[in-house]
């Protein structure tokens, strides 16, 4: 097995190495990748979407459809983890217990710091989401940071502390809502008579917005949806992994 | 030297990928497989990001004073691979989550995360 | 308000939206989950059929998502081939969503909302893979299907978790290879749109990177479809999965992967590249032969109905891959027709297994005794499915075999013909063995009730009716092969062949 | 871009990757994987992929590591390879 | 030849197929159920008979149902050869149905509804083969027949039925998939058509070697014709209830095999091609081997039905031999033998079944003196035996006579010797049965003197077929006329 594995790995390496010979030199401004499609994004993003972070405009608009599914990949993972791990009945007997079982004493310093820092983390997350148009970041990163703030709570206190703030039901609900916001905006565009995710028709319902601005708003809406969904799912995955699906005490 | 400078990024990605791939198919421990998987996927991301790199260009955020004038694409890094890789990162963390959930389930079923010990128990 | 031009998007979007609605609905009332799913699937099926009719009447549809023209944005391209696959996928999704009610209630009583959420996402993923005209979009959807499948498989019994994990590893390798291949294409051309790539690539034929890209994508897709020698993960994964999962996954997963392979071979690359520049089509046909023969032989050694079927899937993948790589008209027609026929056949078989599991709590051969007496309708449907697997006219299976064999003769690849005939013969043995188990009273435990005591004990209507529809479908498809070929399949042959 | 700096990070990345798959303690392996992600993230920032780096920092180095550690805590740290 | 488009052949196929529905629905009322069978049989026979005058006037009836594969349709064509076969099969169905009623009720068999339904399907398939206008249609109905007869063969659902059923399927389905399917596709590849035609469609498409291999694939592939070495399913299939053996394994199934081979010889290859490649001789040697070997094996069989089975194997090859002689007289002989042998052999099977119903005996050695007990049955049996041996005054004589003439016409003396030897063997294995039934001293007899026949439902059909066998000697015109038309 090991020998076959090594041979496979080696031949893969050789093949990929062989392929690099034909690649254009690294970071070559004249490479096809830099010349074919991407100039359009760079040149037109301001004019077409009013978003200066090209990554955001490509992510949420030009290739917004990819991103919608990307978010649903996260959602899928969350539901998948729940499906695999969640145990609703308490009495299910455990044949094999985890080997690392010593409980850590709650540490007052960590808890205090957490309590202070979590609001700031969340504030920062909101900034990342909202400012994704003009700086690195966006719904996804912001959502992860939001989720991480709750996970931090769960780690430094315990799972119950987190669940008091965001219960399992709310969590799943938020995950669904986040994605519904995204796909709902897309579907709204269809209802307004344009293609799916064509945000420019949103100017029909957003007061005092031009078509380009409508795109910008659309992107913002979508990012918010992504953030909500990602946050909820990160929490859900963590809660299930750390408590074995029992939602009792966590790590 | 020219050649090495021109391609070393790609070679490193190939090497990382081989490491990850090796762990995925040869390692016996399920968690190690997952670690290999992460390395493997990250290597692909490195590859894509390397595609996007552009000498003498800056990050793909359009400067505000450039509003009116024509924007030179050579001035900004190709944003498309970045977008694709955001997706790939998301996919990799999702896969990681599901994989870890499966490992937990397997552990509760067999009491171990070593593949050979599990297969022994099945037989 | 919604114009007809928007219909294609509904195929994908309706099950997608439904997934989240189901997940939310599950928090309040679990019993709404399944009807919602059925509703979504029926809308999707309707849209798919409408699209197919539109394609037949008016030709290829392009749908620009977000209103961005390709290659800037992502587009949907629907031609005859994927319109047909869309109908297949949404039909299977529809049938199984009706069928699954009872079996999910039995097998996963406390996880119904999660099951249907993932179910809808899985169907969305498969539909999305089929409909998209963008190479990277395909990857994302590939991952959605993969993740949902891992989870849906892993909640089964017995070795399900472990085989789900193995599948996860293999599936991730496959998807990563695909992604790498797309990366190679991107670095060489700068485009991700399939049609655009098709335009840009010919000037690069002969480049090593393109060659490796093709190989990587191909291996990735083969891993996903469990083509020999990358088939190891499939049998256990499908065997231990819950019935409803295997009913959905077994017919569709491999078929959609075959579709992706055809798309890559002919729509991204060209027949000229795949068969002339990249001249190992004969080797691939040999691999297909090994897949067919090996799959059939392994199926022979099984004592478990469901596991036997999983090995047959491997053989059937060999049919399709081999057919495409025969590199001629008849072979490709046969392969495309087999995508349709085999998904129906496999669906029929797995629906039967699901019913048997529901009724007898197992899928071992011992569970089959006297089933013809107990479940005449189920077994009648099974018989039709079995005949189709064997390839007896006028069931559907015969006609795809017809084209495949003609293709093998045209290509002068007699080993493929022999393999096809061999697998048909093995199927005769396999299925008549099962028919025997079900037809005769079990001889092993004769304690006086060999005859007569079995009362009719049919499956619930929600399981039986879908099965009967599928079985009838096998006959209808078989009988109307001529129409299907003239209206749809002959247009799927790529130009330049 | 300073290619010497680049090379140093690349070397570190390779070292941490090898360490992650060879170390015989799963908890450490998880942490080293986090470090690997973080080094990657540096590399990408240096290549100008700020959004990717941001995401990798929050996801790859952050949440993924937490998941990994949670899972290891719930199972076992032991490994034979 | 004038061609008429008419839906009648298609209807003739469908009648018994659709009869299945009322048969199944009326399963609680046996009398109604059997009435449906008879009704369907009568309609079917009338439909076929109504086409007879047209055919005799040298016309051909065609009907295209639809194209299943572009270029290949499910298509029916009634020509004299098909007519001959259809006529035999459909008329015997009615008679056999009557016999089945007596037999099945006499033995209180289980699952009679299933039995009658599949019988109807089998008949449908038989007529489908008879009227098939191209190889695909023929193959379709051929396979349908194989599958429809499986539940009939394994009717008893016991261990013996199970192993026989396996053998049956292995041979029948195995050969058709392994040999015919590729052979059919190769011919399609070579010629681009599958339509039977007067001069065949393979002329000039491939070398002699290829065509020979193809022909062998076809001949052995139609294993229903029981050409050795693919014959052993037939004796095994005798575990079926006797009416099944009678109609299917003396008439429908086996004759379908032979008929398909005739179609291959006359419709796919064509006489001229066979002559020019000298393939007729090859086929006739294969047939001759089967004739002699099967006759010899039949001698050693004690089970009456098994003996009849081996006799059938040898008689089937007569038909193949006759056509393979490629001389007009030989072909007429072979084709009429389809009809003549059918009536003779079905009488014999009816007799065997009647004995089983009345006494439960299946072995010849247990039947000593049975003539006293069942005089009518054994008389009919005697007439059937005469017909199969080929002695006047029975129909069998007519066809054998032509076969002999055919060998002379084709100057195949070896075949003449084969024919005569095998007729002698026929006599040797049939006549002792009859002799022992009637002419034994009372001490030896295993039966009491008083006549106690099988139920009337069994006896009457048998008497009818016996009478027809004799009548065919005096009026062989229908069959011979059709055969003459077929070779013209």
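Labels for the chains are A, B, C, D and E, by order of writing; each one numbers its residues from 1.
As a convention for this text, contacts are C-beta pairs under 8 Å (C-beta built on N, C-alpha and C of every residue); 3 or more make two chains touch, one makes a residue touch a chain.
Quick caveat: nothing in here was measured; it's all calculated off a predicted structure.
> Could you name all chains that are in contact with chain B and with chain D at the same time?
A
> What is the touch distance from chain A to chain C, in steps?
The distance in steps between these two chains is 1.
> Between A-B and C-E, name the chain pair that shares the greater number of C-beta pairs in contact.
Looking at A-B and C-E side by side, A-B shows more C-beta contacts.
> Greatest Cα-centroid separation from chain E: which chain?
D
> Of the chains present, which has its C-alpha mean closest to the combined C-alpha mean?
Here the chain at the core of the arrangement is C.
> For chain C and chain E, what's the span in angstrom between their mean Cα positions?
A distance of 44 Å separates the two centres.
> Determine the centre-to-centre distance between chain D and chain E, using the mean Cα coordinates as centres, and give it in whole Å.
Between these chains, centre-to-centre, one finds 79 Å.
> Calculate how many whole Å lie between the centre of chain B and the centre of chain C, each centre taken as the average of the chain's C-alpha atoms.
29
> So, what's the distance in Å between the C-alpha centres of chain D and chain C?
37
> For chain C, what residues touch not just one other chain but two or more?
136, 140, 143, 147, 150-151, 154, 161, 180, 186-187, 192
> Taking each residue of chain D in turn, which ones touch at least two of the other chains?
1, 47, 50-51, 55, 59, 63, 67, 70-72, 74-76
> On chain B, where are the residues touching two or more other chains?
5, 8-9, 15, 21-22, 25, 50-55, 57, 59-61, 80-84, 86-87, 90-91, 93-95, 97-98, 100, 102-105, 107, 109-110
> Give the pairs of chains that touch; include all such pairs.
A-B, A-C, A-D, B-C, B-D, C-E
> In the complex of these two chains, what residues of chain C are touching chain B?
136, 140, 143, 146-147, 150-151, 154, 159, 161-162, 164-165, 168-169, 172-173, 175-176, 179-180, 183, 186-187, 192
> Looking at the complex, which residues from chain B come into contact with chain A?
Going through chain B, the ones touching chain A are 5-11, 14-15, 17-18, 21-22, 25-26, 50-57, 59-64, 66-67, 70-71, 73-76, 78-84, 86-87, 90-91, 93-95, 97-98, 100-102, 104-105, 107-111.
> Within their complex, state which residues of chain C touch chain A.
Checking each residue of chain C against chain A gives 1-3, 6, 9, 13, 16-17, 19-21, 23-24, 26-27, 63-68, 71-74, 110-111, 114-115, 117-118, 121, 124-125, 128, 134, 136-137, 140-141, 143-144, 147-148, 150-152, 154-155, 161, 180, 184, 186-192, 200, 207-213, 215-216.
> Using the touch definition up top, name the residues of chain C that touch chain E in the complex.
Per the stated touch rule, the residues are 387, 390-394, 399, 401-402, 405-406, 409-410, 417, 421, 424-425, 428, 432, 436, 439-441, 443, 451, 478-479, 481-482, 485-486, 490.
> Can you name the residues of chain B that touch chain D in the complex?
Chain B residues touching chain D: 5, 8-9, 12, 15-16, 19-20, 22-23, 27-29, 31-32, 34-36, 38-39, 42, 45-46, 49-50, 52-55, 57-61, 77, 81-83, 85-86, 89-90, 92-93, 96-97, 100, 103-104, 107, 112-114.
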